[in-house]
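Below is one structure. I have some questions about it.
Chain lettering (A, B, C, D and E) follows the sequence in which the chains are written, and residue indices restart at 1 in each chain.
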Amino acid sequence: MPGVPLEHVLFVGLVLFALGLYTVLTRRNAIGILMGIELLLNAANIDYVAFARYSGTPTDGQIFAIFVIMLAAAEAAVGLAIVLGIYRNFESIDVDATHSLRH
Amino acid sequence: MDLGNAASVAYSAPELILIGAAIGIVAADPVVRAKEQLGAAALLACAAALIAAIGIRLPFSERWLVQGLLRGGEGWLWSRMVVVDGFAVFFKLVFALAAFATVWMSLGSAEVQDSGEEGEYYALVLAATVGLFYMAAAANLLMAYLALELVSLTSYVLTGYRRHDRRAGEAALKYLIYGGVASAVMVYGMSWLYGLAGSFQYRAIHDALAHGAAAPLTVFVAVVLVLAGFGFKIAAVPFHMWAPDVYEGAPIPVTAFLSVGSKAAGFAILIRLFYPGLSEPGAGGAWTTLAGLDWPTLMLVVSMATMTLGNLGALGQRNLKRLLAYSSIAHAGYLLMGFVVLDDAGLRAMLFYVVTYYLMNFGAFAVVMVVANATGREDMDGYRGLAWRGGAVPAVAMAIFLFSLAGIPPLAGFVGKFYLFAAVVEQRFYVLALVGFANTLVALYYYLRIVRTMFLDRPRGDEGVVALDAHNAFLLYFLAVPTIGLGLYWAPVMALAERSVRFFLG
Amino acid sequence: MSSSAALFYVFAAFTIVCAAGVAFSRNIVHSAFALLGALFGVAAIYVFLAADFVAGAQFLIYIGGILVLILFAVMLTHRIADVAVSNRAAGRPAALAVVGAAAWILGRAIVATRWPVAAALSDAPTTHAIGDGFLGPYVLPFELASFVLLAVLVGAIVVSRKELRG
Amino acid sequence: MDHVLTWMTFLPLLGAAVVLCLPSRSPRLIKRVAFAATLPTFALGVRLFAAFDRATTAYQYVDRVPWIASYAIDYFVGVDGISITMVLLTALLCPLCVLASFGIDKGVKGYFALFLMLETGMLGVFVALDFFLFYVFWEVMLLPMYFLIGVWGGPRREYAAIKFFLYTFAGSVLMLIAMLVLYFGATPHTFAIPELAPGGAAFDPRTQHLLWLALFVAFAIKIPAFPFHTWLPDAHVEAPTAISVILAGVLLKMGTYGILRINYGILPAATFDLAFWALAALGTFNIVYGALCALAQSDLKRLVAYSSISHMGYVMLGMAAFTPQGLNGAVLQMFNHGTITAMLFLLVGVIYDRAHHRDIAGFGGLAAPMPVYTAITGLAFFAAMGLPGLSAFISEVLVLLGSWRAHPRLTIVAASAIVLTAGYLLWTLQRVWLGRLDERYAGLPDVGAGELATLLPLAAIVLVLGVYPHAVLDLIGASLGHLNELVRAGAAAGPALR
Amino acid sequence: MDPIAVTMLRWIPLLPLAGAVVNGLFGKAIQRRAGKGAVAAIAVAPVVAAFAVSVAVFLRLLGLDPERRLLLDVVWRWLAVGSLRVDVAFLADPLATTLLLVVTGIGGLIHLYSTAYMRDDDAYWRYFAYLNLFTFAMLVLVLADNLLLMFVGWEGVGFCSWALIGFWWREPVNTGAGNKAFIVNRIGDTGFVLGVFALFWALDAAGHGTLVFRDLQRHAASLDGRVLLGVPAATLVTLLLFVGATGKSAQIPLHVWLPDAMQGPTPVSALIHAATMVTAGVYMIARLHFLYALAPATLAVIAGVGAATALGAATIGLVQNDIKRVLAYSTVSQLGYMFLALGVGAWTAGVFHLVTHAFFKACLFLGAGSVIHALDHEQDMRQMGGLRTALPVTFSTFLVAALALGGMPLTAGFFSKDEILWHAWSSPYGSALLWGVGVVGAALTAGYVGRQVLLVFFGASRVEARRAAQVRESPPAMTGPLVVLAAGALLIGFLGVPESLGGANPFAAWLSPVFASEHVDAAHAAEAAHDARLEWMLMAVSVAMAAAGAGVAYLIYRRPAGSADALAAIAGGAPYRLLLNKYWVDEIYWAIFGRGTFALARAGAWLDARIIDGIVDGSAAVTRAIARLEGGFDARVVDGVVNGLAAATYALGGRLRRLQTGHINAYLYVVVGAVALVLIARLF
């Protein structure tokens, strides 16, 4: 891809990384933070693909990126499963607590 | 030696055993009603993996430490994805032992038993152990990342295993978020290393950096970012804050597993990247860092901060699990002392310490579990007069483990600390040694507080009686006897550690 | 500047804007949709970087899987909480400062380094090579990844299953 | 007498194992077995005393087995004149203390097992010739001591036990650093004390001084020297009688023994440089300060504890003189203080067992119901005062005589403190034993046979050593002469940092 | 001159020791089974036997050439450390033998006297055990061949003194007096041992480190020119040793213990606090006269202290009302005379006065004891009077001894005291001032002893009625010794009649082998011979003064009260109160040293408990505070929420419900912030 220096791509990654960090730091909501993590991972992936691209042997970097995507999915699955678990197991308890506090 | 994929299968017996057992247990779960049998199977798998990792010791062979059928020595496996060398095998032994103890503990844990999902639980423990094995063996950023994530993901689940418990849910979520951020930052750092070296192989990274086109700052930035991921695993300051919450929320066997197995694996991965990867071996066991990459100074500060904040944090705790969590943070700091001295003696000491730490920390958590089983309590008051209300054996065992953690002879922990401090003093890191010693003093204080509560305080009568069943008693003996034994004669283990500071560099 | 390069900058800008939306939006639903945009943008950048397989994976896994999961969770959250969860304002300046500092140094590092760049870049599709890689040198990670997914599957069931008794 | 020291050291441990196997419900059996377990060590001690070669300066009865070969750690034990004195003291006091503990009625099994472990630890410290082994025994001793104070002690036992433990541990970590530095400074690396000595010369003066001070603080805590002494009154007051005896009789000696064995032996030049301030001046201060504090105490046991601080000051002062008289006096004083203060604590225990308090003001005229007790107390008190004819006189005179040569002004101060010593002891004697009898105590029984059995052997030693001090002086003379020459030679060779 | 090796000397101290051990360990049983007689026999026999051995020693010495009169008995090697070598060895020369005879002889008499005097005491056995032990210690002191062994006796007698003063230990005032005696003595002893140390090392520096008297004498000269702590060695050594002597012999400023020591049984006062122990200081200085001869400055100090004590104590003695206290101050005063003699280099005179004083003062004390015994422990002279008829033997012996004390011509006291006064005038170290003080003291002595005799034995009886009926003369076991001692007080002086009075002075001749070698005495003697007329004149003055003193006493106390009260009221009674209160020395000492020490002790204890321990506990507290600070984050954020408070549980529930992550942002802040910090640090 002539005309775009590697550094520029890296800067795109860096900006994503910074925004991801910012998200992670400021969100108080777990899902918000998970979204921030996705940004961070995407930032890394841009770098992998970019380095792969500019190194002339693109396969390794791209494979790494694929693993990152896959593991991100796994993490999201676990994370949301935990969220779901909490939701399913605590809904009733909270109702009780609220109820008992009314007396 | 550089084996391709097909040839590598034969040499992956430990991992294959664990993977097979994990899958088998999940598959068998619906049909097996007595879940203890699944636990027993997991226990067997751990033992088998341990034996496979040790390999078969030939009576007439010079070489007694070999993995599986690989009697020819050390080398690459799986197209240079992992290595097999003394270092990796040593950690695999520790992980197999840790998994073994974890499963054993789980079998006697009220938190794990009768939850209805023990099958999955054992499978997840085994899966995490597979991750640990590969963490020790990874010689490649991709494998390191993958193995680390395997451990992390299974750990999140195991932490949240008691999902009817508020603390478990919160802990799991925290752990996941924290771990996710840490590993994401790490992956970003890894991308830079890849960019600089054009390869994921540690050796290639080492060569590329050694012939250094890269600006030192960039390498340093990348290394620090990677450290976020590794530091998270060993719970070093400032990546330690998840530990108390997670340790408290997780079932006790899992806590023990995390505090020992996961932490040790973090050290394994750390050492392999920073020593053969980012340093140059020299004569007489000394190492030198690559030019411009002054990570030892950084880690020196991390080490001191970790042990200090860990110990200070533990001082005020009244929940035993939290206290031990902080204590294990502090121990990461002690272990890092061996890490920063850039000498084989330091690594040797770390390896030895990992073994002793395994014994005493698992032991301490085992006692916590015994008490929690009987009384459902984890707070300090639940331990009041433990020795005088039926819990003499757990109390004495706890005292042994705690004194060992404090580093008092003739217990294993003392020997471990002795070697760490010896390495530090030998390399003239006197400030570090003094900080370390000051920390052992603080640590002694809170360990003694527990001992005092158990022995010196009299029970008030509302603490409940602690009975010890044979299963858990045997576990305590299994851990306590070597804790004393290693304090009296440790030459073989030290010899093993010494031989294990061997990295296959290709 | 070639048109493809220009297009790269456009997509880069789009990605960054969307990512900023994720970061700064006060409404988590808006954030989720911004994330969708950002992921699209990144996929597009992959295409420009000649990583078509990765781009495909990005579409399928990220947008098809992860984002749906996230949206599902967001909806769930809303249903429970009944309020739009906003960020706490107090943390923002500090976060900006910290992140800014980190980004500044990282930027300096990027600029300071002479990244190794190959003389000739091939634009050949890499899908085939990736396939070879998965079944060749990367077979262990590949297989292990499948084991990871299995473990995660089991694990997700364990933590999210409704309590069986009690 | 093959491996006699090893047997002596570990037989009590064996006894502890036996005790642990006995049924808890037969405390009398446990007590007897524990007593029996201390006797072989004592008997071997007597044989050792008879057979010890008093002429040589070499270590005798050496056992040396590689322990951890890769680190040059040996199981290396042996005695010279200095350590045999302490070994004998320990072997003597332990059976007496077991006898004195027969009144223990809770956790009997644990108590005696721990006590026997403690004996092994103490003997180990004195026989160890490998620094690592020394350190291990030094620390090992802490654990039983902690429990013995903490479980069987008085009302504030927890505080006292933890304070004792932390203090000593704080000192020993410094010792560990110094030990490692010495180890790595030696070529080839070794922990063997005879081979480390006088290896201090390998270091520059500044390092030597720092090492010396690190070791010194470790040992000074044990002595205990001001300002590291405040664990002692608490520990003594809270500990059960027999443990106070062991604390004062044996443990305090470890501090000064360590200084002689390690600081003097390995770092002679630094010893010579620093002895004035660290030992002589501090020792003198201890003498006066301990005596003054004793004067102000209202608790009998606390008073005795402070008197220990004062008396151990003489040891420090004597050591710092580098004269034969000073050194011999110091070691003799260690032994004598061990026996006398043991008597004092036993005597305090006697009255505490009867009256259940130790408040000096709450007594008076005990001589009336308890004449024998009072007579023995008088003997012990006057021995502590250094009355001629009793053992401590010889050692204090030797110490002061020896130190006059080196530090006349300090000696004047130290000697003046004997007035204070007489003051607080006589005043106490007057208030507790003499004067009008408090009617509450009119019916107190005099000392019984069991108590006499613990007191009379010590009284006999106090008397015999007063008239024939060479029973001990002959043991220590050669070794101390050798040590003195070593220090003086080291001081002559080693550059002083002044 | 090598000593003659013998083995007889050891028996002299050992016999009383054996008595002490037997009575000490088994006396109670013996007394119960066999009666007090057996106890008394066990106690008295060894002393008598020791006296016999002493006489044998004396005769053995007499049979030798004067130059060879030196017996040595080495018993065993006591201490040999470095260059220090001292043995348990006993040495008998004329000086030691003189003391030996006094101690065993007078001691024997007092033992005998005690058998009757203490008859009613239940602790009879204990008394004799102590008394025997004292005799043993005193004999060790006297016979010791080295300074260290002498110190054993020195402190040993101090211990026995303590035990006997507080013999009736139920009364705190008695034990307090004992403690005071012991502690004040210890002050002196400190000086003594320091002197020993200084001496040893001063000689050692010359290659002659020793503490054995014979060797000391041989090498004393090597002290010359040596300086210790900025003072000439000989002066420092002798001064320090003299501090010991002031303690033991109750000289200013350490004289305060002796009057209080009268709390003990009266025979004890006679034996210990008059005849023997208190003279140990004199003996020690005489023993070491060769050192003192090297130190003129010390001699001047000794003479000054002696003279001041002689005068000061005599003035106090004038107004005391307790029969024993008068004698106690008299003793202090007389000891002052002895030191005055030593201070002017008149060794022989000092020792001679020691001997004569032992007789007449022991007699006085025993006589006083007899009176007290007769009056059922009444000691106040204002409650006595007119006893000469009721107690004829006591009266006559007391009178003889009082005359001797008063220095009436031809009594023992006359010869010895005038010898001292003469030397005080004529010695090169003497002066008219010293003589003058001595003479005034002599007058006062005659005055107070006259007053005492008058108050006790003359005039009308002021005895309480209930006691008056029971007054009868003491039994023979008590009067016998009185008679013997009175005879001694009358006759012993003739052993030392100076040449100028036409005597042969056999006493001086007897001691001359010990003192002859010393130039002071020799030169002085030569000079003295030239001036017999002067000596006569001085003697006349002093006798006149003494007579005047006695006369004044007679004038005042001839009739009870009246004139004495008038005298007491002079100058508003201030001088009287001053004397009656012993110049308030006790009070001043207590205010300064007593209170000072206790204040220091309290300060030390405070420092210990508050500051030192405060620092220790404080540092622990600081550590905990830091821990709290560090954990505060944790505590506020996590513990408060997680650790099971009801409200927190609810909050947690709510948070979980909304999937709030609590403060994980803060955790992440730490992580990111730390990483940023590290990177920034690396950058700069």
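Throughout what follows, contacts are C-beta pairs under 8 Å (C-beta built on N, C-alpha and C of every residue); 3 or more make two chains touch, one makes a residue touch a chain.
None of the values given here were measured: they were computed from a predicted structure.
Shared contact partners of chain A and chain E, listed by label: B, C.
Comparing mean CA positions across the assembly, the chain most remote from chain E is C. Looking at which two chains touch through the most C-beta pairs, you get A-C. Taking the mean of each chain's C-alpha atoms as its centre, the chain lying closest to the overall protein C-alpha centroid is D. Centres computed as Cα averages put chain A at a distance of 66 Å from chain D. In this assembly, the C-alpha centroid of chain B lies 76 Å from the C-alpha centroid of chain E.
Note on chain placement: the centre of chain B and the centre of chain C lie 31 Å apart, centres being C-alpha means. Averaged C-alpha coordinates put the centre of chain A at 27 Å from the centre of chain B.
The residues of chain E that reach two or more other chains are 649, 653, 656-661, 664-665, 668-669, 672-673, 675, 679, 683, listed in rising order. Chain contacts: chain A has residues 10, 17, 20-21, 24-31, 33-34, 36, 45, 50-51, 55, 57, 60, 63, 67, 71, 74, 78, 81-83, 85-87, 89-91 touching two or more partner chains.
Multi-chain contact residues of chain C (touching two or more other chains) are listed as 73, 77, 80, 85, 91, 94-95, 98-99, 102, 105-106, 108, 110, 115-116, 138, 141, 145, 148, 152, 155-157, 159-161, 163. Chain pairs that touch, as defined above: A-B, A-C, A-E, B-C, B-D, B-E, C-E, D-E. Across the interface of their complex, chain B is touched by residues 105-106, 108-110, 112-116, 136-141, 144-145, 147-148, 150-152, 154-161, 163-166 of chain C.
Touching chain A in their complex are the following residues of chain B: 141-142, 145-146, 149, 153, 156-157, 160, 163-164, 166, 169, 172-173, 176-177, 180-181, 184-185, 187-188, 190-192, 194-195, 198-200.
Put simply, chain D touches chain B in their complex at residues 67-71, 135-136, 139-140, 142-143, 146-147, 150-151, 157-158, 161-162, 165-166, 169-170, 173-174, 176-177, 180-181, 183-184. Touching chain C in their complex are the following residues of chain A: 1-4, 6-12, 14-23, 25-29, 31-32, 34-36, 38-39, 42, 45-46, 49-60, 62-63, 65-67, 69-74, 76-78, 80-85, 87-89, 91. Interface residues of chain E, counted against chain C in their complex, comprise 657-660, 665, 669, 672-673, 675-676, 679-680, 683.
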